[in-house]
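In what comes next, subunit A is part of two complexes: it sits with subunit B in the first one and with subunit C in the second one.
Showing the complex of A and B:
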């Protein structure tokens, strides 16, 4: 408190003088700002806080490179310069080392250099049983299957994402700046022949102070207090959430909510989000993208046949957001259905087909996961499930795909379908590439990226050539998409004879994979989106962490992208002009109650040919019902919130030795005292020193 | 612990100026006024020279490094000349205002001699220029970092503080010598002051060799101190007189 406060006073006092000089060159001589960093931030749920934070003025420590076990010993026990800022390669970023550091007081922070590909043995910072407490299995529903008793889904999960670290952890990309840090460390912090290095030493400062503490219940209470009593309220945490994207194949009137007579809907569901240990990086190739790309391709494959020979039942394509955080999106949709706040209610849901992780099939079979409890309890459900399984197996046989069912007592993997089952016994299947434990060795980690999904291109291709290059992954996913589309058509009551007309196009799948894994700013995505929506497309891989809405109206890029693509795939172009596209009321055949309208760029060669797409695609809030109900300690619904912060910043610099600092202070005091003494002496004797004829002056000493 | 560096550097840079202010200025309101006005005149000169510098930089090609270097040298020289012009202007005004100053003081005893005015005005110049050269550095000395990540000397802060100390005192001595030169119309004195000021300022162009410019500056400072001492009316005899007095005090006690 003492020195910090004094420092604050001094800083404020000289603030006006500092402002006089713009572009402070002294600061540039001292600090190297690190721009390419991503911090780990604090997340909270009903009971815990987790993640990382620094002190309010940043954590500073001497950098030490963690390369061997002896380095660990220096950092944690013997090194003289504690607290240390640990610079490590991703290989050391595992639970045993991180938990030892967590319990040490000698750690100021950690910077992890993240390479492009993960360790061979796998790495998952998630826990072993994802969404353990908010799935369907509990003491009252299949108690023997609760808490992953039956199957450990994520065997490699080390739970780091759920630890609460008292120091900041930043990730660095392996690039030039990492080289600068390494050079600084090797120049200054490496003692000759293993001796203790001499000052000045290279140090790092990390700022990631978090405003929220303890739990969602606590931080939401503080938000309320701020909102009620403060003139300029400062929110300390925000609920995670975004929007679900969904579209019925045949339009359903949106003016009336709740149960629809004569409507029977097959729900085709998948998830739109993932997460990692670090805040805003979640490429989720296998965990997220493979699933929703498959469903998008399936919707595109279904469109023509569904128009020419419409099946008796409707199909609802649903893309759920926030599923990584205790099923935010699906629990909200089910909640809305239960409260007659959605187009249909649960009675209207005929069955559910969910696409799980399907990208790592690698030639072997796909697995059809079903819920043993509802099948055992309810014979009608069992019959419907059997029928769905039979449909899918017959479709697969025609595609020469092999499908298999896991052990009949195995529970469902973590899936949105579980949230439907919590409310009603609905027949359904989860399609995935794993029999029991995930094939995904990098579940919810930064290494679950394009390279892991084998979406790689020959090195001599330009971006536009890469876009249309059909990868093996795209071919494999197109097969899965065909399977999904045909199964949905059969499940909706369509005719067997039409099945051959439904085939997903590998060319489309490969462009989708490129857009969602490499960069969304490509000619294909440009042609399917609104050209005026400048912020939509980016020249890097989109991130799928659900995050919090920055303002009330912001929607995640990936959500909007999926919305545009789905609209193009199942909707139809119209002749409306741009202004009519925004408000088509009054035009013959158009209705805002049945359809939504999107203006897209279109493509005629490389020239834009914009038009208005009419589709049934809509999006609804994916904010957990717990926040609607203000049950911040809810056991039923997701209660995840993200803390707010003021400053995320990382910089490196040199620190001087204590001796030099004390020497400076000592010299300063000596100069001050000496000059006081000499001046006093001279000024008292001034009359004598300077000639009496000229009156006294006190010129110097 | 970089608070230690902050206070250390602050004491080094401003300790002597502080002591001079406390024991020789603060008691007399007239001297305080002259000191503040002197500081203000130095500020005016800086304002003008920075205006010219700003226009020159904006009007020139920023990529041309040799041109920018040339502009920097031009800026230093121009600023020094302008400071000396303002010193002369301040001298003229003080001479003119001397009678007025005498009038506003209550009793005749506190009227001020030209030597005193010269010293106080010089200290005003010195304090303000010292503050401007040091404040930025002081604010960064709070840390947590220290200079050196790009290979600069780690003694940057302490050498800067000593440089500021020298600059403050030099301005004081220059003030004394300059005013005496004006008073006695010895224009070569003024020429020497301007030249030395130019030399000291141009030594900073040797940066980043911070400690390299310290010894010559301190040599100049000592020489100027001796000169100022004599021009303020000091003499060798007065010092020996003082020493002998002290000796006799010691002997008698």
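Showing the complex of A and C:
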């Protein structure tokens, strides 16, 4: 026993206290963090900011469940606890209610519980005329068709994605966590028999403070100023963009850019991205995936015949990224072609066949959309278009598909092909499942998912069994892919007699749909990708919002996946080993100028048998030319940027009444003042109070 | 420095230095001058250098007031209108606040 023992006791006690504090902190006792949320964030274009944001210290409000119209009245007019945090089911998430809330000062924020399937009547937060100002139709080109005058493509569009909300909006999945919130609300915020509920009340706090404001012009200017003058530069927004994936069927030398003599190319195009109201969730089953899966399957179907009986013209498979945001990818490729910065230029483009939304056919019908203006103005274009239409119709006759053309005066639907037409009168067709307005009732919304495309499986299947289960959707899309592949072959000048050899495989289509709509981490995708690329595959549906590159070298997962698949489908395995695969220069027959090389896992049963794929697949930047040209208020090119933020967070907790909070503060202050006074008193009278004690210690020594 | 221990001539020279220094767009020197020499100029019993110190302190105070008026007006105008000025105000700002127009 001695001072050592006392020290030991103190240390133990201290450690114990720290353990208590960290394992069971005050914060954890007060707040319940909500982890499974997705915010709506701020996006900006040349002229506007849109999306949502909270204040810098988060928005807090008492939760109120929006279930009936009278709830809306309480929230917006009569309730005593404004501002409110509104918890609503997706059914209330429509433009009339959201716009009323937008104009109210009594809203602190909104949390929407999103179910798996959408409302029957349809829901699309996009506008009615997608990419209205950056398509081909304008005052100088088919003025009567501009601004969707000819056809309203997205009738159900309510434009919510283009509104600027001054409060945060988060989406919640219908899961346990939502149950916790609902329980908190029903336990604390429901008054007995409709009376005003008593404190403490259940409240929610949402953080989504956005750094960029006003417009892309403003935020890019601030980026520049910060980078040039500030000691501590802080970027406030980033241009949306990623990479286009493309591959010519026959290799074209990549060292020389610009016009290629004797090269005539049929472009087979589709888009790789979609969007929704919320950030970084966009499953885009019909809007995006159906199209590019069809083109991937078509490329696979073409490969063998194209090698045995190569058609005279080349075919360029092009997957454009960022098309949902004013055609980022296609406008960039056309811009590169115009500036001799691409393998070929626009003169080399013979024609374009684009795959639009093809997953929701009514019966057996598919529609061939063409551009009435170029067909009217230019007879040679018209002849080529008619030839293409005739080719496709004859191909379809052999399949169980029926093709039809919409009204001859109807403009093209929103499509990448429009960006080609802006620069040059090129013959082309957009293949889609809709005659005029989209069949897609959930265009660019969270409900455009696997279930909507009918990619569903019997419940008793394991994931690997689901992977190979051929759904009806897969069969239907395989037919479309066959049509596309055969049409491309004919369009490239191939022989009719070869057509029967070109057939897309439903087994491949179904695996593609599974990988791109259910989960990409499956044995099929694993066998076609590089096993060292750990971050590539995920055990959920990939998202197709184009987003911003996190670092300069980041590439979206879906982009890389499409690149791997396309390389496997149109490329050939080689005998190169892994290190030679990265740099095959000097090997006989190999050339980095003509080909790109990818190392893939392969599959021999369940065992890997890795090999090197040689293909013509490449990636180029899909960043809008507006950012190259520094024209941040461009009317021609996409100017979309995404704001940066520091913190996205959602949590619930119980709040006390304002009176109680003030009382607590008041008592605290009183105690502080009292203790100050006592200390002062004691220190002035110290001589009197402590004198005897000093004497006693004095005697001890 | 404790002014109590400084001879009067040195006080005057110090006060003049601060006063003249303020003209180099350094209103804080005037502020220091006013605060530091206030007692010397107006409270202490009279001595030879006091009238001159008094003038310097008064003039410093005047200049300080002028600066306060100008700065207050400018800051008020700038903070109110920076959102409307757009580009100009961004170039005038050293630190651009995040998420504010």
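Just so it is clear, the second predicted complex is superposed on the first by the 638 of 701 C-alpha atoms of A that agree within 3 Å, B and C clash if a C-alpha of one lies under 4 Å from a C-alpha of the other, contacts with A are read in each partner's own complex, and residues count from 1 in each chain.
We adopt the following convention: a residue touches a chain if its C-beta (ideal position, glycine included) is under 8 Å from a C-beta of that chain, and two chains touch if they have at least 3 such contacts.
Only a predicted model underlies this, so the values are computations on that prediction, with no experimental measurement involved.
Q: Could you say whether A:648 touches subunit B, subunit C, both of them, or neither, answering first, second, both or neither?
A: neither
Q: Return first, second, both or neither, reflecting whether A:658 touches subunit B, subunit C, both chains, or no partner chain.
A: A:658 sits against subunit B, while subunit C stays out of touch.
Q: Of the partners subunit B and subunit C, which touch A:230 in the superposed model: first, second, both, neither?
A: second
Q: By the touch definition at the top of the document, which applies to A:152: first (subunit B), second (subunit C), both, or neither?
A: neither
Q: Count the residues of subunit A touched by subunit B and by subunit C, then name the partner with the higher count.
A: B
Q: Check the residue A:26 against both partner chains and state whether it touches subunit B (first), subunit C (second), both, or neither.
A: first
Q: Is A:209 contacted by the first partner subunit B, the second partner subunit C, both or neither?
A: second
Q: So, does A:676 touch the first partner subunit B, the second partner subunit C, both, or neither?
A: first
Q: With both complexes superposed on chain A, which partner does A:346 reach: first (subunit B), second (subunit C), both or neither?
A: A:346 contacts neither subunit B nor subunit C.
Q: So in the superposed three-chain picture, is A:56 touching just subunit B, just subunit C, both, or none of them (first/second/both/neither)?
A: The answer is second: A:56 touches subunit C but not subunit B.
Q: Can you list the residues on subunit B that touch subunit A in the complex?
A: Spelled out, the residues of subunit B in touch with subunit A are 1-12, 15-16, 18-20, 22-24, 113, 115-116, 118-119, 131, 135-140, 142-150, 152, 154, 156-158, 161, 165, 169, 172-173, 176, 225, 228-229, 232-235, 238-239, 241-242, 245.
Q: Going by the contact rule at the top, pick out the subunit C residues touching subunit A in the complex.
A: My answer: residues 86-87, 90-91, 93-96, 98-101.
Q: Okay, in this complex, where on subunit A does subunit C touch?
A: Residues 53, 56, 209-214, 218, 221-222, 225-226, 229-230, 234, 236.
Q: Spell out the residues on subunit A that touch subunit B in their complex, using ranges where they run on.
A: 3, 6-7, 10-11, 14, 17-18, 21, 24, 26-27, 29-32, 60, 184, 199-200, 202-203, 205, 651-656, 658, 660-669, 671-672, 675-676, 678-680, 683, 685, 688-691, 693-700
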